[in-house]
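Next come two complexes, and both contain subunit A; in the first it sits with subunit B, in the second with subunit C.
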Partner chain A sequence: MLLDLEMLRISFGAFAPVDQVTLSVDRGEILGIVGESGSGKSLTATAIMGLLPRIGGQVAAGTIRFDGTNLVGLPERQMRRLRGGRIALITQNPMTSLDSMMRIGPQIDQAARLHLGLGRSAARAKSLELMADLRIPDPASVYDLFPHQLSGGMKQRIVIAMALAGDPELLIADEPTTALDVTVQAQIVQILVDLVRQRGLGLILITHDMGVVAQACDRVAVMYCGRVVELAEVDALFAQPRHPYTQALIRCIPRHDMARGTMSAIPGVVPSAAAQPPGCRFNPRCARVADRCRIEIPELRIGVSGNGVACHVAEAA
Partner chain B sequence: MSDLLTVNGLSRRFSDGGLLRKRKTFHAVSNVSFALKKGQILGVVGESGCGKSTLARLVLRLITPSEGQVTFDGVDMASLSRQDMRRLRQRMQLVFQDPYSAIDPRYSIRDALLEPFRVQGAMPRSADETVASLLDMVGLNSALAASYPHQLSGGQKQRIGIARALALNPSLVVLDEPTASLDVSVQAQIVSLLERLRQDLGLTYLFISHDLGLVRYFCDQILVMYLGRIVEVLPSTAAPKHPYTRALLDSTFEPDPKRRRTVTRLAGEIPSGYDLPTGCAFANRCPRVTDLCRRELSTLWSQGGAHQVACHHPLTAAPDAIIDERSVA
Partner chain C sequence: MIGFTLRRLVLLLPVFFVVSLVVFFIIHLVPGDPIDNLMRAGSTPEQRLQIAAKYGLDRSLVEQYVTWMGRLLTGDLGTSIIQGRPVSALIARNLPYSLELGIAALLFSTLTGIAAGVIAASYQGTRVDDSITGFILLGSTVPSFWLGLLLILVFAVWLGWVPVSGARGWSSLILPTIAAGLGGIALVARVTRIAMIETSRQDFVTLLHAKGLPPFIIQLRHVLRHAMVPVVTILSLRIGWVLGGAVTIEYVFARPGLGSLLIRALNQRDYPLVQGCLLMLAMAVIIGALIGDIVQAAMDPRQREARA
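What follows is the complex of A and B.
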């Protein structure tokens, strides 16, 4: 396994917004992490990048194994060598990754110079090649532009080029297309899928969009309130979703072939980290809730197939 | 049924520059015409910069058109005095995309819901009762009246936004991406609420969205916009005939891994609305482009029934023949 998370618990003081998260991604594989706001999917990415201390959090329990090395407790010096190099992050808003005062090209060069030790001209050549790979028209002129001169879709391609410049083995894309128009979203998702297939990268694709999951991912972890509630291979997840939350999430996507009035909603709201219900965190909104669900937190049990569900009712069925 | 709203040849241009820089004109909305029947839901769909939000504001006369006419219930809005316009505004309301900034954070929910009455100078006799019934109408507990926006979730805030829009019993509600900033499970709640309210109160909706899937589910008819122009008037059950609508549909990922497809990838992005080409604005991205398209703009022409398309070479084949359903892997 390229990356292995086991029983990860993230804490901010007394709160643990992420708990018991177990998931893994291999080389050449796309793992989707899907969930609504507050599900802990971005915090999980932040933990993998070793950036929790910067936002006042910490890994309270569990392990994050990258290529055999446990990243939890790894000295910052060593973490810094991995970050942006063998492990790279693509964020939702390209402007959080781009320096608006600096030309595009040198920003892409940085990772190759820092992590691969390339000289200025070698790094530039590599950047231009990456830009061409990402179908950025006329790379040589774009290289000298400033970020504000580019469209949203082009900026996101530049951010992807920056992430690739350090020859990463693991790429984490946190809602990479949420800020983009649909036609551009389709282009970017296609680029990410091609990268994984061609370069054998491991990709963690974090999204709230079940359509993107269905289109791009091999396996999926569904998160709710800081826990993985279902882990499954993508075809199985959509053909036979087992967790009531997964089922509800798939049902509330509007499709044109649905008659008006037939789209079902999930009642209630995602509870805040400070007001988690006892037992299964989905129980107040669950259509199939049993007495046990209100008392005991179900554990994610992963079978031999690699698929698993954290639900008392689904397990009994 | 009669038309509640008719829009005729509506355009809006914005200019900037002038003193030191060369004057540039941005064509936000160009020559848009449509009619909206009472009780109907008309969708407006397009990507960012297509002019859909400008169109919403033109319809409500929050900005004045450069050309064209908006008639609401038989009254030409340009003919109205400021006072009459304010009175007419009671009957047309707007729900914003971002419920976080639509409500003044210093207002309690009660104050926010009473604001429309205050603006119209017609406070209800029993304010508490009015607030309670408005909250009840959008499925919220009346105890929320005393709370402040920051204490509410995004979905609750959007319900407040809807309640406030409905406070003065409007006929037309313009919904500008009302669910774009919400989680999907909450989006479904809001859409169901809007469906129920339309039936109960006999409302007419102009529903603006970038999500073709949602619009096809929710609306009776859809206007597809590209760079300020309507490129297709699509009955929601019909198969799209404009290559842009087709591309929008192909770019929408269906939540079904069995239907993975190599998207007929639309090259490039939307050009700027500053220097519009003489011909079709979609020509530089269109797979069916010919010289004619670059030279001459197609007007909307009928495809049978209400279906209209502004394209010299509309798609004719059954939609499934066009979808390329190869696996991505």
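What follows is the complex of A and C.
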């Protein structure tokens, strides 16, 4: 496995907004992480990047194994060598992800110069090549532009180019399409899928869009309130969702053949980190809740297939 | 960029006109006039009228303004009533001292303030940050004249390192610079610190960290550049202060300067001199703001484009 998270617990003081997260991604594989806002998707990504201390958090328990090395407790100097080098991040909002006072090109160059030791002109050549690969028209002139002179979709391609500049093996894309127009979203997802297929990267694709999951992912981790509630191959997940939350999420995908006014939603709201219900965290909103769910927290049990679910009811079935 | 600068320069004309009106009339709101200061005891009302006529003070204010403005446009600031010398000569003699102290204080407070702000922001929430924030609070509340007296006592009287007062040589500039610059350090440090912290929270900084760049490179090459935009704004407001803001410091250290020239002229109701000094200070403020705008536009590529 390229990346292996086991029983990861993230804490901010006394709060643990992410707990018992177990998931993995291999080279050439796309793992989707889905869940509503506040489910801990982005925090998990931040933990893998080793950037939790920047926002006041820390890994309280568990391991993050990258290519065999546990990143938890790795000295910052070594972590920095991986960051932007072997592990790269693509952020959600391309409008705010670039330095508005710096030209595009040098921003892409940075990672290659830092991690690959390229000189100015070699880094520039590499950046231009990456931009061409990402189908950015006229890379040589875009190289000298400032971010505000580009559209959102182009900016996101630049952010992707920035992530690729250090020749990463693992790419973490945190909602890479959320801030973009629908027409552009599909292009960006396709670019990411192509990258994984052509370069053999491992990709963690964080999203709340089940459509993107179905379109791009090989496997999916469904998160709710800081826990992985279901881990499954994408076909199995859509064909036979086991966790009531996954089932509800899939029911919420609008289809064109639905009757008017039948858009479905999951009743209730995600509880805040301070007011977690006892037992299964989904129990107040669950359609199939049993008595046991209100008392005992279900654990994620992964079978030989690599699929697993954290639900008393689904396991009993 | 050149077009933007030219347009701003043209806009200065109406501003200059309004400023000249205020500068000319405001002194007339103060009771008393310069003639009182010129007359010897026992002068007759006739003598009084004579003096008034000599300086044109017997005519209406509007007439006086038109005459003053007419001369001003030819570069003539008039003649001091009390001292009997051209206003421009008096200003020219005092201006270098003000510039010397003002520029020294501005450079000192800007460089020290930015450095303190960067350090405080980089060590946010630690003891280093707390000490700098504490100093900022102290620096912005301690009156500069009191600090000046304290500095004189310690460094000039007790230790004897620098002259007590006067304006001879660079060593006499050290204490006034510190005293006049302290408030500026506090202001610049506070704005720099807050702007750095705000900028650090932006997505692009997270992404810079995600690239694996060393934190000090991120702080100095990226965050500081963004944080300089508000700092330039407050600095541009302080350029005007550079010339006239150090009045109390000039008094404490017995230095000549525009500030003390203006205060003396005010006390004597020396209309032309007051008007000349005020006009200089007002122009310094206006030009400061202009420089600030231009520098800011040059810094930010978005503004550069919008204003091109």
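In this text, the second predicted complex is superposed on the first by the 312 of 317 C-alpha atoms of A that agree within 3 Å, B and C clash if a C-alpha of one lies under 4 Å from a C-alpha of the other, contacts with A are read in each partner's own complex, and residues count from 1 in each chain.
The rule we apply is simple: a contact is a pair of C-beta atoms (placed from the backbone, for glycine too) under 8 Å apart; a residue touches a chain by one contact, two chains touch by 3 or more.
Being a predicted model, the structure only gives us computed values, none of them experimental.
Q: Aligned on subunit A, subunit B and subunit C: do they clash or fit?
A: Aligned through their shared chain, the two binders fit side by side on subunit A.
Q: If you stack the two complexes on chain A, which partner ends up touching A:Val159: first (subunit B), second (subunit C), both, or neither?
A: The second partner, subunit C, only.
Q: Check the residue A:Ser100 against both partner chains and state whether it touches subunit B (first), subunit C (second), both, or neither.
A: In the superposed model, A:Ser100 contacts subunit C only, not subunit B.
Q: Under the stated touch criterion, which partner chain does A:Gln190 make contact with: subunit B (first), subunit C (second), both, or neither?
A: In the superposition, A:Gln190 contacts subunit B only.
Q: Report for A:Arg54: first if it touches subunit B alone, second if subunit C alone, otherwise both or neither.
A: second
Q: Applying the document's definition of touch, where does A:Gly85 land relative to subunit B and subunit C: first, second, both, or neither?
A: second
Q: Among the partners subunit B and subunit C, which is in contact with a greater number of residues of subunit A?
A: Looking at subunit B versus subunit C, the one contacting more residues of subunit A is B.
Q: Could you tell me if A:Met263 is touching subunit B, subunit C, both of them or neither one (first, second, both, neither)?
A: After superposition on chain A, A:Met263 lies in contact with subunit B alone.
Q: Looking at A:Phe146, would you say it contacts subunit B, subunit C, both, or neither? Reply first, second, both or neither.
A: A:Phe146: touches subunit C, not subunit B.
Q: For the combined overlay, can you note the least CA distance between subunit B and subunit C, rounded to whole Å?
A: 8
Q: Could you list which residues of subunit A make contact with subunit B in one structure and with subunit C in the other?
A: No residue of subunit A touches both subunit B and subunit C.
Q: Taking the touch rule as given, give the residues of subunit B at its contact with subunit A in the complex, in rising order.
A: 47-48, 153-156, 183-189, 191-192, 195, 210-214, 216-218, 236, 247-248, 250-260, 262-263, 265-266, 269-270, 328-329
Q: If you look only at subunit A, which of its residues touch subunit C in the complex?
A: 49, 51, 54, 80-85, 88-89, 91-93, 96-102, 110-111, 114-115, 146, 148-149, 159, 162, 166
Q: Taking the complex as given, what residues does subunit A use to touch subunit B?
A: Within the complex, subunit A touches subunit B at residues 36-37, 151-154, 181-187, 189-190, 193, 197, 208-216, 234-235, 238, 248-250, 252-256, 258, 260-261, 263-267, 269-270.
Q: Applying the document's contact rule, which stretches of subunit C touch subunit A when the two form their complex?
A: Those in contact with subunit A are residues 202-204, 206-214, 222, 225-226, 299-302, 305.
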